[in-house]
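The chains carry the letters A, B, C and D, assigned in the order they are written, with residues numbered from 1 in each.
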Amino acid sequence: MCRWMVYVGDPLVVENLLFRPVHSLIDQSLHSRLGVETTNGDGFGIGWYGLGAIPAVFKDINPAWNDPNLREIARQIRTPLLFAHIRASTGTPVQRSNCHPFRHGRWLWMHNGAIVRFAELKRDLMSVVDPSLYPEIEGSTDSEALFYLALTYGLAEDPPGAVARAVGLVEDLGRRRGVPRPVQMTVATSNGESLWIFRYSSEGRTRSLYYSTDVEQLQKLYPEVEVLRELGPATRFVVSEPLRDLPGAWKEVPESSWAVIGPGGHKIRPLTPIGPG
Amino acid sequence: MCRWMVYVGDPLVVENLLFRPVHSLIDQSLHSRLGVETTNGDGFGIGWYGLGAIPAVFKDINPAWNDPNLREIARQIRTPLLFAHIRASTGTPVQRSNCHPFRHGRWLWMHNGAIVRFAELKRDLMSVVDPSLYPEIEGSTDSEALFYLALTYGLAEDPPGAVARAVGLVEDLGRRRGVPRPVQMTVATSNGESLWIFRYSSEGRTRSLYYSTDVEQLQKLYPEVEVLRELGPATRFVVSEPLRDLPGAWKEVPESSWAVIGPGGHKIRPLTPIGPG
Amino acid sequence: MCRWMVYVGDPLVVENLLFRPVHSLIDQSLHSRLGVETTNGDGFGIGWYGLGAIPAVFKDINPAWNDPNLREIARQIRTPLLFAHIRASTGTPVQRSNCHPFRHGRWLWMHNGAIVRFAELKRDLMSVVDPSLYPEIEGSTDSEALFYLALTYGLAEDPPGAVARAVGLVEDLGRRRGVPRPVQMTVATSNGESLWIFRYSSEGRTRSLYYSTDVEQLQKLYPEVEVLRELGPATRFVVSEPLRDLPGAWKEVPESSWAVIGPGGHKIRPLTPIGPG
Amino acid sequence: MCRWMVYVGDPLVVENLLFRPVHSLIDQSLHSRLGVETTNGDGFGIGWYGLGAIPAVFKDINPAWNDPNLREIARQIRTPLLFAHIRASTGTPVQRSNCHPFRHGRWLWMHNGAIVRFAELKRDLMSVVDPSLYPEIEGSTDSEALFYLALTYGLAEDPPGAVARAVGLVEDLGRRRGVPRPVQMTVATSNGESLWIFRYSSEGRTRSLYYSTDVEQLQKLYPEVEVLRELGPATRFVVSEPLRDLPGAWKEVPESSWAVIGPGGHKIRPLTPIGPG
């Protein structure tokens, strides 16, 4: 089970986000409590929007807690939009090209979950990927496949629709191949302006996904937490499990839903897979 | 341009093969003279038949000359059949799953060359791979794709026929897509009993491939070369460029040919691609 | 807290030792139960006696559970004497030269524990290392320093005496510098013929160390454990925590003791530090 | 033979410095022409002054040309003062702690050259390092030893004097130990405000070191070189070999000299080693 986090808000030095909160992603990778696996040591990655329109990614196969370069750059980068992911492999190789977030042009994508029995479904799923996109696939994971299916279905124009179609394709193919519950996912994707998040599983029991509530309220509740004071009112965190033990700070994203957080505020809507044909 | 070498003969400690010859693979990776690229620092691998029927592979993305573990195990492994490969990436990621040799069951495979404009052809080539084999593909190279196409076409039963069909498929697809000379390859493959080698390119100007002549003759010509004295009469080397400067020691594999070296001696035959349909 | 294991016995394929036992070293690195740290992901190493008199070491900074090369070579190496170690760094860099086992000529050495406040003591300790040995030190750990101090004090001639003097030096220097309990250690060292193990701490509360009892008795008690059946009567395991849950199979090495296991049987004796001067 | 480069000037995106110039450091690592070794593939590092007073370092043991993370962060970092170094090991392990630049507080340090027969001199040189500095030494190179000797001798207060004393110590010790020409070095060091460079060898035949002349003159001479147009008048490059083939653009730092480039302009002075005692 992977872990991921998104920060949206005023530009902030990445170190504050990754290393300062008591129960940061790095800590979670060593001391995760809710996950099936006891450790997430199969690579990590961060992605952020900084100089230029194309986001940057920094990914490596070392455990995040061992990577001195991660600590170095975390002190040097300010960003209004950060993705962070720690991977627990479910079988595909531990290699940089399998680490999240994935990038295509201005888009970032990261995923926790699985396409169940992906090895059996992969060949057919890949044959649906648009020929112009196909050569960009560098790794071998279900997560990257899902990204390129969503891109094929128009992620750049209609993110919720594209993801609904990608999910619908996997549901349809999976069931035809005897995989009763093929999809398990929480996903974050962004173009640098808005952030879309998705929580969905075939069985309706999806891994956890939370977003932070009003920061001002948090600041009042927890005046002793220094990092909170630096955060502007538009700040939002989305996390695969709560970032710290702050009761009242987190709301769960409902089952089978998507949400968008952007310049026009945020909204949450149901996610209904759209089957092919 | 990659480099590769095969040793077939009496069981020998790998160190003698990789580190002792003056112009060994390791040296070549630093001081290659014939190649387009001046350095082969994009990963390396060795494969060998030892304990059990399944060959072992040791592959890493460090430059071979920097890998202390390679030197350690080279002193501890004896084998009658060694593959060694040093990679120069032509664009696909530098990751272990893209390093040669590739393995499937008892089979090893390594390649120097390219499927030209592979990114454009990959999706269609992959759709030909047998569904039962497809999930085993871990990397993203043209070399591994060629291996799985050959496996799909019956490598285990008829290696020359299977490779001829794999090559024929690439030739056919490439030309239909406007790639006039899609194939450039020297290949070695083995099941642990026999070794098959291939030299072929669409344009008939394939990268070099040599095999060693009679060892006894070599021993007489170069009595001062210690490692030669340890080699039995059945020893054969196959190399992508000559292993040492031993005039008279090497014969070039002819253009558009395959050869087999095995318990029943060796033979060389023409390679004629077999197109699909 | 590191983990380590030694196997002494009939030549055995390493895979059986590292990957087969239910509670193997690899498992421990993910699911350790007794340690302070919940994970040992800061590098690993194995050392073994095989071809030639000089032992081989295979060490890397990846987590052991992620290293496909470790699995490959574990299937290809047979040895009568294996060291295996999984590191949890206490601050020194995660780099191969800090991974155990350390080697000097025919000697292997590995350690769990610490020289307390080593940074303060290091300069003076290093100045005691014999000038002919000093240049061989590659890493920066207390464990390697202890090894070179023991070598300086004659490890090759009298292992228990040399370790007693190395420990005595650290005790003496530490106390003069205001470190009340400077030594915490379990150590294994070998020349390929005998194995010496040490359990000692300044405070007399040393981390755990166990050795296996009679194998025949084990085989009778646990007839269903397949790997036990392959082990000869002279087999001994020494482990920093029990290798599997086999009640009655393990005896604790007493506090402040050393033991030797060799061709002439084994014995256990008290370890009394010998101070300098 | 290592390669290094310093950029001082208006804040510039690192990508322009590392990847854009035709004959950049990265290119040099593959196609070096003047060096003894044909390749510099034993690790690399960059150091820069950015957010905060403490400079950042990004160092890795992969070849620089293979590191996708280097390309990513190079597009995201702007700095007025960049160190870049590509290492060719002369024997010490290829590990991050041996990569340049080294850092202590606000100071960066990088070196090309060697303390000749360092293994024999190391123990005595290290015993001179200030006890409060000693614990910070992480690697095993002569370059880092030289840095800590200079720090011991007051680098922060008087860089030229401190380096003269460090060099004098090595000269003195080396000659007493029968090393006739112990020092070979070009060095760059900075506190983020000024840059000091050194060129010195015992034999008076030091490896090359160049600095760039007036940028405006360069811009007139080479109007077609786009990156030159972005550079302000205060820009200076210092390189271990010329960064591009721009005749008239580079001046050689004289033998046995040091120079400082800072807010008050620059000056060049002779470097005379100051022996101990």
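Throughout what follows, contacts are C-beta pairs under 8 Å (C-beta built on N, C-alpha and C of every residue); 3 or more make two chains touch, one makes a residue touch a chain.
Predicted model, so just to flag it, every value in this text is computed and none were measured.
S.K.: Show me the overlap between the contact partners of subunit A and those of subunit D.
M.R.: Both subunit A and subunit D are touched by B, C, going by the contact rule given at the top.
S.K.: Over half shared or under half: which fits the residue numbers at the contact of copies subunit C and subunit D, same or different?
M.R.: same
S.K.: Using mean CA coordinates as chain centres, what's the gap between subunit B and subunit D in Å?
M.R.: About 41 Å, centre to centre.
S.K.: Which residues belonging to subunit A are in contact with no fewer than two other chains?
M.R.: Residues 68, 93, 96.
S.K.: Is the way these chains touch best called a line, a ring, a star, complete, or other?
M.R.: Per interface graph, the chains form a complete graph.
S.K.: Can you name the residues of subunit A that touch subunit C in the complex?
M.R.: 30-31, 37-39, 41-42, 61-63, 65-66, 68, 89, 93-94
S.K.: So in the complex, the part of subunit B that touches subunit A is made up of which residues?
M.R.: Interface residues on the subunit B side: 92-93, 95-97, 119-120, 122-123, 126-127, 129, 131, 134-135, 137-140.
S.K.: Quick one: in the complex, what on subunit B touches subunit C?
M.R.: Touch list, subunit B to subunit C: 13, 48, 50-52, 54, 56-60, 68-69, 72-73, 75-78, 96.
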